[in-house]
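In this document, chain identifiers A, B, C and D correspond to the written order of the chains, with residue numbering beginning at 1 in each.
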Amino acid sequence: MEKLKIVTIGGGSSYTPELVEGFIKRYHELPVTELWLVDIEEGKEKLEIVGNLAKRMVEAAGIPMKVFLSLDRKEALKDADFVTTQLRVGQLQARILDERIPLSHGIIGQETNGAGGMFKAFRTIPVILDIVEDMKKLCPEAWLINFTNPAGMVTEAVLRYGSFHKVVGLCNVPVGMKKTMAKQLEVSDEEVDMKIVGLNHHFFMTDVFVNGKSRMKDVLEKYEHMNEEDQTEMKNIMVIPWSKELIRGLQAIPCPYLSYYFFTKEQLEHQMELFQKNNVRAEFVKGVEDELFSLYQEESLHEKPKQLEQRGGAFYSDAACNLISSIYNNKGDIQYVNTVNKGALTNFPVDTVVEIASKITKDGPVPLSAGEIPVALQGTITTIKTFERMVCEAAVTGNKDLAIAALTLNPLVPSDKIAVEVFRDLLEAHKAYLPQFKEEMNS
Amino acid sequence: MEKLKIVTIGGGSSYTPELVEGFIKRYHELPVTELWLVDIEEGKEKLEIVGNLAKRMVEAAGIPMKVFLSLDRKEALKDADFVTTQLRVGQLQARILDERIPLSHGIIGQETNGAGGMFKAFRTIPVILDIVEDMKKLCPEAWLINFTNPAGMVTEAVLRYGSFHKVVGLCNVPVGMKKTMAKQLEVSDEEVDMKIVGLNHHFFMTDVFVNGKSRMKDVLEKYEHMNEEDQTEMKNIMVIPWSKELIRGLQAIPCPYLSYYFFTKEQLEHQMELFQKNNVRAEFVKGVEDELFSLYQEESLHEKPKQLEQRGGAFYSDAACNLISSIYNNKGDIQYVNTVNKGALTNFPVDTVVEIASKITKDGPVPLSAGEIPVALQGTITTIKTFERMVCEAAVTGNKDLAIAALTLNPLVPSDKIAVEVFRDLLEAHKAYLPQFKEEMNS
Amino acid sequence: MEKLKIVTIGGGSSYTPELVEGFIKRYHELPVTELWLVDIEEGKEKLEIVGNLAKRMVEAAGIPMKVFLSLDRKEALKDADFVTTQLRVGQLQARILDERIPLSHGIIGQETNGAGGMFKAFRTIPVILDIVEDMKKLCPEAWLINFTNPAGMVTEAVLRYGSFHKVVGLCNVPVGMKKTMAKQLEVSDEEVDMKIVGLNHHFFMTDVFVNGKSRMKDVLEKYEHMNEEDQTEMKNIMVIPWSKELIRGLQAIPCPYLSYYFFTKEQLEHQMELFQKNNVRAEFVKGVEDELFSLYQEESLHEKPKQLEQRGGAFYSDAACNLISSIYNNKGDIQYVNTVNKGALTNFPVDTVVEIASKITKDGPVPLSAGEIPVALQGTITTIKTFERMVCEAAVTGNKDLAIAALTLNPLVPSDKIAVEVFRDLLEAHKAYLPQFKEEMNS
Amino acid sequence: MEKLKIVTIGGGSSYTPELVEGFIKRYHELPVTELWLVDIEEGKEKLEIVGNLAKRMVEAAGIPMKVFLSLDRKEALKDADFVTTQLRVGQLQARILDERIPLSHGIIGQETNGAGGMFKAFRTIPVILDIVEDMKKLCPEAWLINFTNPAGMVTEAVLRYGSFHKVVGLCNVPVGMKKTMAKQLEVSDEEVDMKIVGLNHHFFMTDVFVNGKSRMKDVLEKYEHMNEEDQTEMKNIMVIPWSKELIRGLQAIPCPYLSYYFFTKEQLEHQMELFQKNNVRAEFVKGVEDELFSLYQEESLHEKPKQLEQRGGAFYSDAACNLISSIYNNKGDIQYVNTVNKGALTNFPVDTVVEIASKITKDGPVPLSAGEIPVALQGTITTIKTFERMVCEAAVTGNKDLAIAALTLNPLVPSDKIAVEVFRDLLEAHKAYLPQFKEEMNS
């Protein structure tokens, strides 16, 4: 039996059981011989809890996949075939600050958008670039499957500053949207393909196909009479239905995260309520996670518990297993990934990362030509790409001016003055994880 | 003496004396034989007041330029060499609504930006396209010099929907910025050239030259220690100084109008105060104009009164005369105009209108190659271009969905819901001027 | 059983038996209910011979596919699902002139390249555009599968001047090259995928994959030691081995037709010999065809005769059946087709036709992003695209100047003077088929 | 008086008197204080002859410009303000080989095109890159004004491989064409502006303006009835009139050098005649030069002799002086130079060198937006750019495969086989000047 070694950085994550389930389910086509779950010292306890559950799951499945737990990243990476990353620098505590500090200045606090997303990027990108440096030495042929958020920026940073091309950024939002479309059109998931245009957490569906035939017209019509629940499957975003005029005007369906941009006022009001109740999303998730980990400890448990699906990141790990299998088997199927545009969106820079339908081959994802970004969508997509590019550069260089300018330009930040203030507070709060910003602010 | 006929549509405007002064000053190089001031029936009284002043000014100057007043646009346009437009559909009363109605929904109310700018475009574009149709028949060789706001969108609409290429859009903001730079660098205006990147009322200065040598470094340094008054010469925008971080982060100086985007919160608060005092900008301007017109009536006045310079549009008409003279004389000098990009900004659509340094020739403006729009500026410029394109299309087709989507996407509008509401109220308020939106809203 | 109607224009072609065999072989997945073979009055006899063979083949196969023979194109097209074109305006006699007349002026005479290719395009494009007009009325949902040469130009013309988007141009050269690669790499055809860059009859293979892994390095090495026969499977082009330096310098394998451009001198010398022996390719093919048709008449024949494979267009019809089946079944497999670039080649016009690896869906081909055309290949590919664009325009407008300029710019034509002369002679020879060039030459 | 130091590398050239005359004529606006004429040991005698004439000319003019003769390039470059290059590696003897060796293989032999142009580039580019390295250290603020051929490739190489941006490539062909146009339109040179599209020695005039008004229509009409002499002012190219069809088909006037591409057959026949008479262009020029140098030695001569105008490079040095004065004085006038495209040709790479109308400022040339390269011109211009890019890379890396592939792709080379042979012969002939190609050919 040929070696097939998979290394999961951030192996102590509550998502791991889904990942393990994914590998078990696909063992017939993806015969993983070694699964290494790696974490850092601070995560040791969680790693053991989740690692032991993983071992019980594999044993119950009766497959010869070995599960290793390790705090030694270098040892783990040696000769890996695939590396997945699901780490969280600063853990949920840091996410709580990413959400609460912006809210304390009266602006949206969110894990992957605006000021919160910027600081998650600042903490995460240097760590991922370190992993990439290790990979270049220890497993240069391996693929890096990143589903650490903000996944688009992390992928952009790896390509632009890590000079490493075997990376794919993954997100469950397109998968969720595909399921929503299947439900609306009353077909099975497998029959649906989408044309998506944009970036991670900031894309629009501009066409949808059932067995290859466009059904966009039907979808647009359905949105005329749709109630809230049917518009999305996301757990973590308050749903406010798009106006009929907006959908008709765009001739496209925005991904759920766009609610922060098109209902900024309402989302902010909702977040402020949660803020005052000390129950912002991160605080809520922390409760869920605590519960999950006590579940995971039960020796009798040897499968992924149902409760995990309520966690918010459903399908994430499944998407990762799917992608790995398609690369491994040169399947040539279509998946929605973060990869270099390369002309697929003809009026967007060729060398930048987009989230796009791609054919998955042994050589990685090959994006399908998607034509022009329609006029109506150019502005908001370019604005977020500008933000991503500036944040990536600041994450690597520690340029505070660039970071503040990026915030001022961000549509969720209504004032240069607030940008300066919220940046200072977040920097102070997270400074332990941000060595790149070591110098005094010079004004 | 060869005929040189200039036609000014909206001739009854309070700006006309500056225009007339401009022609008088340049008579040695631009020997205008006929100046036709044209207006509509409703503007007849103003036209007579301002037209008589114009005649007195010409007489006092002792030049053989004939001034004609006319309510018959077609008669006036016959065989014109240059046509300038400075009309205001619905007059200042309409502008008051453009400002007050958005404010009544808690969003910025401004003549050329956001919801107010959209409706000014909706009222103006069809009228300008009518004028263009007349020009094609009556003076197909004439140049249309548009300084009716929103000048960028009007120019875009003429090119895209009017299929008329002899049009230049003009604005006084770059001229004002050039004067500010000259003052900061302690040189004369003539020695200064700028590289500007962006759109009408939405551009950045990315370089500045004194006698051809870049002095951008000095300018960036000066901004470190600058007080409010020195940042701009604009009369109509409350100045809030940019943060030092923003300027360093952008490595560019935003044009004053960007204050609405980078200090949205503060500008809105300021406008709300004026709103409550019934003294929004349009209301204030109306007072100034009433005063100007009583001045204009004095028979003893035969020059442009000083007070006009306080009006807010200083240099507008002078810029127009300058442009006309440069085209007429094939001067080849550099002016900042709204014209088709044609690759000058290499990473921006080739066929869209930008505000850019151009060499002015008998064949019109030829933009100077300006290279790539820097990453940091791509987002906001593209966002406004998306808005402009959508507004132009809606202005011509009467597509309400497109209009509402454009508002939702606009950074000054914080919610799709508000977009729907403010659109309905403005449409109702202006419906007399908006025949293109005749159909019922379909939701 | 659902209707599935296929219409083949030029049904009397000697290729038809291969096409029929293709449909029989795929009946399980592509249950054709009606196959209409259409031809014109002049082709009636051939249509009957070949049509009767088709009927015998279907009967022998025992499938319920009905074969219709018709001279009434409109009747045939009614409600078609797929239309294939394999017509030859002026028949082989015209091709003989396309080859001999250029040779009589001392330049390459070839069916799809240079002066000969230009006149084949001139005769063919108007006929195809007529068919497209019929299709718009009679079967607007049908796909046009064109394998009439010059296939690239015909596809370009349909898209640009026919305003019809459901068209795919097909060629057997990439299929042949794929087979050659499989042989060289000692794997089966199915395991091979190629990256091709360029145009119909003018492309380069820049990468090759076996089960998704790049093997280009091995291929380039093999070319260091390769003899002539192994370089191609083409029957109609004299093989001259590329110099080792050329292959190393290009880092790409030229398609066989490029021999006319990279060995112009030698190919011309070879053609001149055949010219003097009255045995140019078209004359040779005419002999083969006569033989095939006498074979086809034998009542005992009820399968495709082996001799057809010697004809030169092997795999052509098979490729067409493959394509039709993939569209019909939304297969999503990769095929090499002529379709709109849409950014797949990032440094080539987005709106022009290229020959490229595409995913075949029910909505037609979606090209895979292929990145930049390498510097070395940009010139020759752009030169042929210029030729194609000029020829298409001249074919539609009858602009003789454009046609002559296109010839002068063509690398196979060494002089403007010869361009003028060869154009006049070919126009005179083919004038019966070229109504678009009716006006006198004006010099 | 402020220092203004100009250094001319290749100061012993026969062109120098024209350059000196140019500086004398412009002394009032360009007060050169030091003119350094630099040459290498082998050119010492010529340098003295021409240098003494220069001194006599300056003295006769009575201006305080000091002329220095030097064999020490580094000493000369110290603190230079402008550096001009007019060197010829291997002198005229090398050019004779560049012309005769290709002809001996039956292909065009020309100084700046095809195989000859390639080898001139191979000899010249490394020397120019050396000069650039010196400049970076000794006079980093100086401008390099290159008029050493092939001027386009040299400029491309300096930008791409020398990482030096203060370089302008200069050629007299556009100047000559402008004079021809002035004569045809019966106006003075100063009134004429052109729009040119393409590369050094490979451009087309697509528009021409008299005092800013397009007169292209008149020019196209004149070409209908034009005899040979009126088509060009070039001394070194046999004029064959373009066919009326070609001019009408292109809607553009090719520059004279395009005769090698559009009359390859006829130009080759003409060159073969001269080859057999041992009187190819280089041989003829050598005779002229010998004569010029004996003239230059006459002590009584203190001005540029008339005979120099017969030399073939007329206006070259004058163009250089003009350019230097416009940079020095920030004139802002339009000149035709080789500089980075930067979007001026919208459908051509932004980062490559083109020959284009540019506004000349203290910051160097700023190209004027010229729009799309018309379809008809895209192929031939891209082909030559491909050649230039490959030659530059081979000149720097010594990659022989790339060089041979570039030749095979060149329209003047009719066969890969000839490409291999002519490359070997030229390499052998010039090996003393080609250290970069030191390794054995590996086949």
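Assume contacts are C-beta pairs under 8 Å (C-beta built on N, C-alpha and C of every residue); 3 or more make two chains touch, one makes a residue touch a chain.
What you see is a predicted model; the values in this text were computed from it and never measured.
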{"item": "Chain-contact steps, minimal, separating chain D from chain A", "value": "2"}
{"item": "Maximum centroid distance from chain D, chain identifier (CA atoms)", "value": "A"}
{"item": "Euclidean distance of C-alpha centroids - chain B vs chain C, Å", "value": "55"}
{"item": "Rounded Å distance, chain B centre to chain D centre (Cα mean)", "value": "46"}
{"item": "Shared interface positions of chain D, touching two or more other chains", "value": "none"}
{"item": "Graph class of chain-chain contacts, one of line, ring, star, complete, other", "value": "ring"}
{"item": "All chain pairs that touch each other", "value": "A-B, A-C, B-D, C-D"}
{"item": "In the complex with chain B, residue positions of chain D that touch it", "value": "193, 209, 211-214, 330, 332-334, 341-346, 350, 359, 361-363, 366-372"}
{"item": "Complex contacts: residues of chain D adjacent to chain C", "value": "224, 240, 242-246, 248-250, 262-266, 347, 349, 375-380, 382-387, 389-390, 399-406, 408-409, 411, 414-420, 443"}
